[in-house]
Amino acid sequence: MTADTKKSTHSMQPEDTPQLRALYASFEQQHIKPLWAQVGNLMPQHPRPRAVPHIWKWADLLPLARQSGELIPVGRGGERRALGLANPGLGGNAYISPTLWCAIQYLGPRETAPEHRHSQNAFRFVVEGEGVWTVVNGDPVRMSRGDLLLTPGWNFHGHQNNTDSPMAWIDGLDIPFSYMNDVGFFDIGSDRLTNYATPQFSRSERLWSHPGLRPLSALQDTASSPLGAYRWEFTDRALTEQLLLEEEGQPATMEHGHAAIRYVNPTTGGDVMATIRCEFHRLRAGTETSTRREVGSTIFQVFQGRGAAVIDGVTHKLDIGDIFVIPSWVRWSLKAEAQFDLFRFSDAPIMERLNFARTLVEGGPP
Amino acid sequence: MTADTKKSTHSMQPEDTPQLRALYASFEQQHIKPLWAQVGNLMPQHPRPRAVPHIWKWADLLPLARQSGELIPVGRGGERRALGLANPGLGGNAYISPTLWCAIQYLGPRETAPEHRHSQNAFRFVVEGEGVWTVVNGDPVRMSRGDLLLTPGWNFHGHQNNTDSPMAWIDGLDIPFSYMNDVGFFDIGSDRLTNYATPQFSRSERLWSHPGLRPLSALQDTASSPLGAYRWEFTDRALTEQLLLEEEGQPATMEHGHAAIRYVNPTTGGDVMATIRCEFHRLRAGTETSTRREVGSTIFQVFQGRGAAVIDGVTHKLDIGDIFVIPSWVRWSLKAEAQFDLFRFSDAPIMERLNFARTLVEGGPP
Amino acid sequence: MTADTKKSTHSMQPEDTPQLRALYASFEQQHIKPLWAQVGNLMPQHPRPRAVPHIWKWADLLPLARQSGELIPVGRGGERRALGLANPGLGGNAYISPTLWCAIQYLGPRETAPEHRHSQNAFRFVVEGEGVWTVVNGDPVRMSRGDLLLTPGWNFHGHQNNTDSPMAWIDGLDIPFSYMNDVGFFDIGSDRLTNYATPQFSRSERLWSHPGLRPLSALQDTASSPLGAYRWEFTDRALTEQLLLEEEGQPATMEHGHAAIRYVNPTTGGDVMATIRCEFHRLRAGTETSTRREVGSTIFQVFQGRGAAVIDGVTHKLDIGDIFVIPSWVRWSLKAEAQFDLFRFSDAPIMERLNFARTLVEGGPP
Amino acid sequence: MTADTKKSTHSMQPEDTPQLRALYASFEQQHIKPLWAQVGNLMPQHPRPRAVPHIWKWADLLPLARQSGELIPVGRGGERRALGLANPGLGGNAYISPTLWCAIQYLGPRETAPEHRHSQNAFRFVVEGEGVWTVVNGDPVRMSRGDLLLTPGWNFHGHQNNTDSPMAWIDGLDIPFSYMNDVGFFDIGSDRLTNYATPQFSRSERLWSHPGLRPLSALQDTASSPLGAYRWEFTDRALTEQLLLEEEGQPATMEHGHAAIRYVNPTTGGDVMATIRCEFHRLRAGTETSTRREVGSTIFQVFQGRGAAVIDGVTHKLDIGDIFVIPSWVRWSLKAEAQFDLFRFSDAPIMERLNFARTLVEGGPP
């Protein structure tokens, strides 16, 4: 019998008397809530998230983004034409999970999203399209298919679409965490971009995107990655090599048929930002991952291939661009029909740094 | 002009047309919330907590705790006779701040609070009284006036009152943070205590409470302090020495007339637990501290002496046992009429580990 | 067959021809030494120290120190009346091991040893006597029986004997390491002490010697311990408690009957200085420790009690004050006839920080 | 006046009496050396290395390596055909500095150097040539011009020349440090290689050589870099970009006209091995670096271009392949006639981890 199931019968439910009512009224007046009236909810046996697993279909999202492009101008004040995915369990806020924000952002031909900066950490992942540059502290970063772009907290950034076609991508931030815990600062910057150049590679890449090499001009470790763009060609090659090494009998994959990389801060080898972990997973056709439960919430976006997610025992077929969220301690696994590529982000750095991380791999070691 | 103040006039408020309404209806249906409709609230210029500063008077709390002792039995299910302090700004939850829980716990003569364990980190601080032992994983820890006692996450613990008098103390935990972020696990343990001994010193103290000395049997660093009790006599002596050293012209105090210690994990020199910082502050009579703003929420309890807190420009006279909370980025300072001693706890480790910490000392360096 | 034993017959010994002699002559002229002529010596199968195990008897040392006191004045230039223990295997240098220096220092009645500072890290351990104060950066530190005193690198320090009796103690430093690796700087300071006060407790103790408490005025971690004195009463109590806890069936000792503490830097929980580890060991009467081999060199001084060291299979009976050195990878264990107390220091931090540490406990896990 | 210069006149030189002689004789007999007789040498005012700056000309080294190839077979026992550079100040040992070993290794057509492993950390740098594979724990690593190859401590490794031409390169190890401090272990392995494949890229590169990407199969940090090869094309590109960024007015170079990278462990962002730092420096034509003094010893090899080193005020013109050593605290700078590329390695990780590092940039901040 558990703390939860005993709630109705536990020993601390006193008889309802006038004195008790008077006491409870005094509690109310003095801004007091007794633990015994709420412990089962506040401190459940295991995480019991209000957030629910949910899938947003790209086929639904993209048309809405396009319509927003027609109806909503982009500019100062609203700042971004971003459609936040609102977890159905989280009461109408644009929180995909209690900690994370995920939005599809849309920039029409020749549009500019003005510069600002905020404490919230942000990344962008590009499932399709090209032609937009994000300017981070004056450094223009090309956005192309399969790229991960970072704008860690307190860096000025804006976007410009340099083409005659619109472009959409996803933004990930720690807005809910920042909002709930009152940590956020926000500054508006230039209404126009501070740099309209459209170089192939950003300065940050030219300085940092060399494997195992660190500039002597930047030996101080940084809380967030100094590398602004993680290019698809590198991600793809790393995953390809892992699967080839596996075929050669070498240890390289996370589990059989399942290659995966974590995007890291080259100054530390740790997560790219203090609150958000970014990864990319590739399953060989026919692979089914082990089933996991993890403390913390995680979001996937299908990048290419064909497969499904099994969440809490239910199989969901997935198409390119689909985004799904797995709340804390919910069972999940992935299945690949064809080679199946997924971008992933999560709040795992929060859980690990605060000593709350737990993972249970079913059939694995306890 | 700021993002906030421009909200009403910003460039992204489109004309209200049937198409726009249809789009917004589609958003609703697809679980989408647009950023432009909420950015000013979600991402304010600086932290704008819903939590408010508030003071709970010990003179109000203690009688209510005593009445609870008469009306509410303690036992399994409700687990603890704990009166949670509910921040008036946080909508009726027993959250003293978005991250922290603070309660007055009351144990009558010869009562036992049953054993359990949970992921949530907990401490107790004793403003008055004695006679209770907390049993942590089978190790009985005496609770006396001025002591800080730890029960870090996932350690079984219960309490027993070994005397004919009741005792009250405060509990501090990271329950709101754990609940909001879905990280908590809970296990019930023995209904009776696993150890009814009442030793003067716990095993953890006998092993760890020797300054600068570490047992060779415990060289592995731990996420939480292995020391279960921080005794008042040591705290008092440390603060006394700081003020004496200051009088001798030595650097020892935090600022003139303001001595302070942080309770630390002896295996690392860092905070006692991954989410909660505990400190003790002493002001010499007549001292007024500098005014600070800090990211994160902090709670003080007056331990002894006479003084006041100045919160957001308002001076609040304080008596022994009074508990007050200062939400994120709210201005505060302390003033001592007589020597003024305060226990303090906060969520600063969360802010520092996640790179959100900021402190502004007015008149200090930027 | 090993690299060493094959040296005489290995395949790289070419025939002695005029061409070979000419080549070897060219090597000499060009400052070249071929690896093949020396690999077995330079890179043995396991550490094969030139340093040898050796015991210095306190009964021999103390009289020589006294005679030095009569014949050698103390002062600037020679700096200290210190008798360095010279490992018989290390060719006449005052190196007790390749990394460490150990000396008996002697200060006559009312004498002063002048102030200086150096990169070399130093400690003092007091096996008997009292009456001397070491002044570290102006802070006088009382030296009493059983105390460990630190003067980490680059702190000015001098000594004064405030009594009419002489006093002797041991100094431990990383002089050989510093000398061999060319890292040392040296500054002379005041010929007289900068502070002749003789307080019971140093400022550093008054600030730092409170278990688990850290001053808010000193939150920056330091490379060396900020605590200048580790008092015998604390060491003794910690060891006493470990043995009592063991008797109560609690895990507390390093192995059965063997209590031990490491002196640590309270800002990190790590070693007191970057190159030198200090520990204190107590064996219950009748205890024999397991036999160990460790990379790095270690020195013990008998503090009190009766026992023996077994070094490379040979048992050496030990008396109070005796000092012995165990070079790298030499087998050792300790045996107690009566309760047996030993101070220990070693170069283990060097080995651990540079990833060379290895320990083999015979009969233990590999 | 310094401790050194006062040595001849200091106050601790007692009169030469029969008693003194008897005392000194007793010292000798008891393995004691008094500090006052040696402090000036052992603890100089600043590092006064016995090692001297020295330059080995590639034009001298390579012919001797070739002759060795003709006269000395390679094989078990001698292990490697390696010509160790012996610092003229270090008494005939093959130590280029007190901590480091540097050798030119030569492998004839179709030769194999047998497998072994040792605690000593090793790298190879290839100034010219190709055709050799180093097999590290069964993973064949191609060696080509400009590449840095790692064989960190305790990894089995051998070499094979797969071509009809000989090849020479430099080996860098911490042999002197390991030998002096008795930390080394050595195991012989297979006489033949365990893998004769000659892949373009090693497994370690295929797993680790992707900028900012970490395999999820290898999340544990390692003491040494898991990446076995740092290819010239990446080094060259990183340096080229730094100079281009500098031209564009961006901060990227170490000082004006001076680009530099450090080779790092991708799991930590720190040095590739616990004892050896590896870097590559490029000077634009006409650049002269600032003059530096550093604690620790450093070695350069000229890779390409034309320039000179100024060591202790003396200018040495340098040619491709030339190797020079700068002992601790010796002044040095570099001058480029044409673009000037140099590989560098040093013992800086030892100095930093043990808190002995100091750098003085002349004309820079103190």
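Just so it is clear, A, B, C and D label the chains in written order, and each chain counts residues from 1 on its own.
Criterion: a residue touches a chain if its C-beta (ideal position, glycine included) is under 8 Å from a C-beta of that chain, and two chains touch if they have at least 3 such contacts.
Because the structure is predicted, anything quoted here is derived from the model rather than measured.
Enquirer: Looking at B-C and A-B, which pair shares more C-beta contacts?
Expert: If we tally the contacting C-beta pairs, A-B comes out ahead.
Enquirer: Taking each chain's centre as its mean C-alpha position, how far apart are chain A and chain C in Å?
Expert: Centre-to-centre distance between chain A and chain C: 52 Å.
Enquirer: Need the CA-centroid distance for the pair chain A / chain B, whole Å please.
Expert: 29
Enquirer: Quick check: how many Å separate the C-alpha centres of chain B and chain C?
Expert: So the centre of chain B lies 43 Å away from the centre of chain C.
Enquirer: What kind of graph do the touching chains make: line, ring, star, complete, other?
Expert: The chain contacts form a single closed ring, each chain touching exactly two others.
Enquirer: Report the complete set of touching chain pairs.
Expert: The complete list of chain pairs in contact reads A-B, A-D, B-C, C-D.
Enquirer: Report the residues of chain B in contact with chain C in the complex, numbered from low to high.
Expert: Touching chain C: residues 203, 206-217, 219, 221, 225, 227, 230, 234-235, 237-238, 241-242, 244-245, 250-254, 260-269, 272, 279 of chain B.
Enquirer: Would you pull the chain A residues touching chain B in the complex into a rising list?
Expert: Residues 2-3, 6-7, 9-14, 17, 19-20, 23, 26-27, 30-40, 42-49, 51, 54, 56, 60-61, 64, 67-68, 71-88, 92-94, 98-99, 103, 116, 118-120, 153, 175, 177-188, 223-224, 274-275, 295-297, 327-329, 347, 349-351, 353-356, 358 of chain A touch chain B in their complex.
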